[in-house]
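First chain written, first letter: the chains are A, B, C and D, and each begins at residue 1.
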Amino acid sequence: MHMSFSVAVAGASGYAGGEALRLLLGHPEARIGTLTAHANAGTRLGEHQPHLRSLADRVLEPTGVEALAGHDVVVLALPHGASGKVAAALAERGDDAVVIDLGADHRLVDPAAWEAFYGSPHAGTWPYGMPELLHPGERTAAAQRTQLAGTRRIAVPGCNVTAVTFGLQPGIAAGVIEPVDLVAVLANGYSGAGRSLKTHLLASEALGNAQPYAVGGTHRHIPEIQQNLRSAGAADVTISFTPTLVPMSRGILATATARLVPGTDPAAVRAAWEQTYADEPFITLLPEGQWPTTAATAGANTALVQVAVDAAAGRVVTVTALDNLVKGTAGAAVQSLNLALGLPETLGLPTEGVAP
Amino acid sequence: MHMSFSVAVAGASGYAGGEALRLLLGHPEARIGTLTAHANAGTRLGEHQPHLRSLADRVLEPTGVEALAGHDVVVLALPHGASGKVAAALAERGDDAVVIDLGADHRLVDPAAWEAFYGSPHAGTWPYGMPELLHPGERTAAAQRTQLAGTRRIAVPGCNVTAVTFGLQPGIAAGVIEPVDLVAVLANGYSGAGRSLKTHLLASEALGNAQPYAVGGTHRHIPEIQQNLRSAGAADVTISFTPTLVPMSRGILATATARLVPGTDPAAVRAAWEQTYADEPFITLLPEGQWPTTAATAGANTALVQVAVDAAAGRVVTVTALDNLVKGTAGAAVQSLNLALGLPETLGLPTEGVAP
Amino acid sequence: MHMSFSVAVAGASGYAGGEALRLLLGHPEARIGTLTAHANAGTRLGEHQPHLRSLADRVLEPTGVEALAGHDVVVLALPHGASGKVAAALAERGDDAVVIDLGADHRLVDPAAWEAFYGSPHAGTWPYGMPELLHPGERTAAAQRTQLAGTRRIAVPGCNVTAVTFGLQPGIAAGVIEPVDLVAVLANGYSGAGRSLKTHLLASEALGNAQPYAVGGTHRHIPEIQQNLRSAGAADVTISFTPTLVPMSRGILATATARLVPGTDPAAVRAAWEQTYADEPFITLLPEGQWPTTAATAGANTALVQVAVDAAAGRVVTVTALDNLVKGTAGAAVQSLNLALGLPETLGLPTEGVAP
Amino acid sequence: MHMSFSVAVAGASGYAGGEALRLLLGHPEARIGTLTAHANAGTRLGEHQPHLRSLADRVLEPTGVEALAGHDVVVLALPHGASGKVAAALAERGDDAVVIDLGADHRLVDPAAWEAFYGSPHAGTWPYGMPELLHPGERTAAAQRTQLAGTRRIAVPGCNVTAVTFGLQPGIAAGVIEPVDLVAVLANGYSGAGRSLKTHLLASEALGNAQPYAVGGTHRHIPEIQQNLRSAGAADVTISFTPTLVPMSRGILATATARLVPGTDPAAVRAAWEQTYADEPFITLLPEGQWPTTAATAGANTALVQVAVDAAAGRVVTVTALDNLVKGTAGAAVQSLNLALGLPETLGLPTEGVAP
């Protein structure tokens, strides 16, 4: 059975849009439709994405509902605040495309959390594109997949959120770690910041340098992490969250630690992670003693996870590695799209990284 | 008044030894004496340290007490386990050189802590080469400087230890953070691992990659951090400590967090760090809102520190940046040596980094 | 029609072997058979190639004809000198596998050239795995493809050789550049050196550094370049060839220049490159003014080429970018294998790079 | 004898201005005066140059003659086109400061060459800040030093120009290489492009990438190289010149090759370079067989040079490594300033690099 679909990508000249295209080009059922951009409209895609050889001569159209209408799927890789309007305008025309938002607009359930961190009115919540998210009472993810099956709207998770959620949710669900006083520190590649012209994103500033940002509880991914860990069973969640830019283009290495619930048998810790991820196609709990590295996930829809108990510190330490543009963004989008369209969840998604 | 001194360096073909030489070449009172090596004995220094132009034609002698004797100062940049014997043999000959150990052998006060993490008999404790270390009851460092004045033995601190200690000790001393349940995650440059031929240290493995190591409470720097924070006033210290290698040659960015003591006024937090570091010549608390970056410290004996209160998480977040080979090793050695010899503490030490 | 084949890989724990596996995992007709290694025999592949998720639990067997026999295809990623013996031993057993050598042993036609650069007896010449190589009188490559069709032995070209050949052969064949006094300078990623434990390959030596190697006419790829350009029509070839290691894991950027044949119309220059590469599936002559970058080819079997006439200098300048492990090694192997097996030449080979 | 001087720096928030400040802070006779900027006027220097600890609290004034007047020395690190006006306005006020231009405006002697490559009227020629430049008939540099002694205007050379000139001039002067058909290919760090917000200078574009620019005879440094090699004795000079950006912040590795003059004894080649550089304080011809690396020059006013004869190719190959911001810009400025002020040429200039 074939279930070919056409897909338009808005924001095709940026990093997230480019990665969505790269994955869709490798998807056996996807046909690439219209590509749009804002400032780069009218230019060839090959000028901006020289790695996408087969689309090099495609000319970018101006982002707007006229260009995006008439496809089976629309992927929005836009600055936050823009996706809600595009989706509404499509709906108004009677266009029933599956709309996938790679941005932040529709991830949060709680409008107050949105407004506190983004300072603008909330645009509404869409089904959350993380099939592996545990729901209350679950030890292996099923309910989120059900939620995504057949949906016409998908809000793709934040890349840092994905890494921290994968690291901690098994322990929350199993009740072996405390959901409060979590601490996460991340090493982040620069592509997560997008193709924006800012001084601190220049190569000269990045090379030979490690620089933190959004320190001290201000990062916009914090409420989304809390939401996910509440989904996994936490009553309340507090987390200290610090991302740091390091000189690599792709990749997130998230070190997330939590207090071990007093009296927990260390064996129960590993068992919790094993149970949750044993059958996940894109999340691997590594053999004991082997720690995740970001390079092993480059270009792949893979998250690598490891967990250890530091008895002296009274903490469980987890490390998660993933490619921010793939499992952290565009791969999660395609995986969720497969569910939305009723295709096999893993269809067209690479699991082998490009290393070294 | 001049107080010129001669200095021999053992392990001159390695990274720590090379950095000691670079700094000593810029020291107005130092005269470089014998240089020794193990496997590289008999070769020109210029083959191994092509950046040390003025010493390029020096031939390395085999490391041993014969070559090292007869200097005012001996710097030991040797694998751990070796320095105690060299110092003893020098003493036996009646050689009264100031001996500086860049390795770990003589840092720990507690033999049991040494044996637990290193698995070999303890070699004895030397005065600790961290002039900025707070002693019980201190809010600004004085006692450690007194301890170093006139000493003939110096144990230079571990580089990761220095970064974490500088980040946390003001809050411990001021009683505004809890000394238990500390969490530190570090981004580390590769030179910290020395010039050792190991697969995970190859360029192909490092580029585009972030990799953790010694996760879960096994890193040998842990007891040294605990010792320092006890010196700063903590009754007991527990810490989860995770270093991660990122693709840079030099630099440590240490994100160290601690629980805010309940009821503490946030203003008291900043005041604690300000008080401790206001007059330190080599530690700078950055203006509020500016975060440390490692590149700003490259080649300099400078540590940059910032602190913020994350009220929602109930944690104080500190970030410290330094150059592992300078303030983390060879710069601390020269600074302590200045104190040992009765020279001005800052003599010959650069504070301006080489950036970008 | 299906034409599934089994394939064994010798040297599976190295970079070239790993990349062959990555590509073969994405090949619709390949079934991965035995994996072998030398020092790493007995260990899991996942320890060495953590990015190859689907083969992580495969145990490496000792490299030898017993392990390799009985497959349709054998890929040899071995130190030079080893492949001839393995192939002979397989033939002796009556094993008629297609044998692909990723090493240098069987590339050169002239035994004297081999002995001059490698200092050992020549092991014989195998059909050369560069389908795009021009033969005398050709302007588009056909004869080499014929030579590869149905072959049981393939000698995969050197990665630097491939980049320089692609850059210069159209101009040689068209008679618009002189084949003597060529100059090629390359920026090379570290993976080209393999996973060997050498000091200059350490991350600390590579980061923030550019270092040349094999300068002054000593590099072993020189006779192979000469052989290829003679194939493209040159009577005699002289070339100054200098590779330089730069801080990236993958990629070759080859700047190769040649004297413009006096009196040549500049338009004829571009026309020559256009004609040769217009229909090549894996070589793209970029639009005028756009220059190749290595990142655009990462992970892809793509070579990007550009050419310009520097009239004032009297030289034609070409720049070629490719991924040394893909189009430079393992991709060329699979492409040639497709021809050997009678499969479509492009089957299973990615053309989209993983960027940024 | 003391000869303290005050120095103002215009463009202090950029990379070249920052490096001038770093070196001047280490100069025993320099007192840092006014610092100016354009867009960053009114802000603290510490926001832009966090590595310059001792000047962190200096506030930048708007660039203009009012702010710059009244100093012994004025360093101009401005976009090209600006320095001539500032110098003229200072002269008009009777201000007799030594004015040093780090930009391109006053390097070229030939107005036609300027206009062909820059497209604007020529601003006049200033004494050229390369003390090591050979003049006709010289084998060791003296005349250029004479020209700089006591001058009130200095035009600092281009960084690429310096690397290529140092590589080739000894052979030109000795008559052992042809001055025509030269080929230079450079690996360049990103700081050479300044702190400009351009897409191709972003970290995500730079990491894991090598990208050429200004290929095919268009780079503005070409006429300056020709001018220098004519100074060294060439009747006419033709050169193919290709810079390539590689993922490092600082450093130039210039591979420059030339045709060996037929019949030249190879020993005469090395002798030529030895003679020219034997007594140069900042240029080192490495021992035979050791090749320059950029990391060895980081932060130092050092150029490392090597030369070899490739007899089969009929070419002499030279490789030069230097730090584009030091020997390529700010170090050359201070060195020339020392000569202008009658100070020892080497005063205050580091020769030891910061490596690894």
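As a convention for this text, a contact is a pair of C-beta atoms (placed from the backbone, for glycine too) under 8 Å apart; a residue touches a chain by one contact, two chains touch by 3 or more.
Here is each chain with its UniProt name: A, B, C, D = N-acetyl-gamma-glutamyl-phosphate reductase.
The shown structure was predicted, so the numbers you read here are calculated from the model rather than taken from an experiment.
When chain centres are defined as mean Cα coordinates, A lies farthest from subunit D. Counting C-beta pairs in contact across A-C and across A-B gives the higher total for A-B. The distance from the centre of subunit A to the centre of subunit C, each centre being the mean of the chain's C-alpha atoms, comes to 35 Å.
One simple way to say how far apart two chains are is to compare their mean CA positions; for subunit B and subunit C this gives 46 Å. Averaged Cα coordinates give subunit A a centre that lies 38 Å from the centre of subunit B.
Subunit C has residues 15, 191, 204-205, 207-208, 247-250, 293, 295, 298, 355-356 in contact with two or more other chains. Residues 15, 18, 22, 25-26, 44, 46-47, 49-54, 56, 191, 207-208, 249-250, 284, 286-287, 290, 293, 295-300, 302, 304, 350-356 of subunit D touch subunit B in their complex.
Listed in rising order, the residues of subunit C touching subunit D in the complex are 181-183, 185, 187, 204-205, 207-213, 215-217, 222, 238-242, 244, 246-251, 253, 255, 257, 259, 291-295, 298, 306, 308-315, 317, 319, 321, 355-356.
Those residues of subunit C lying in contact with subunit B across their complex are 15, 189-191, 193, 195, 197-199, 201-208, 247-249.
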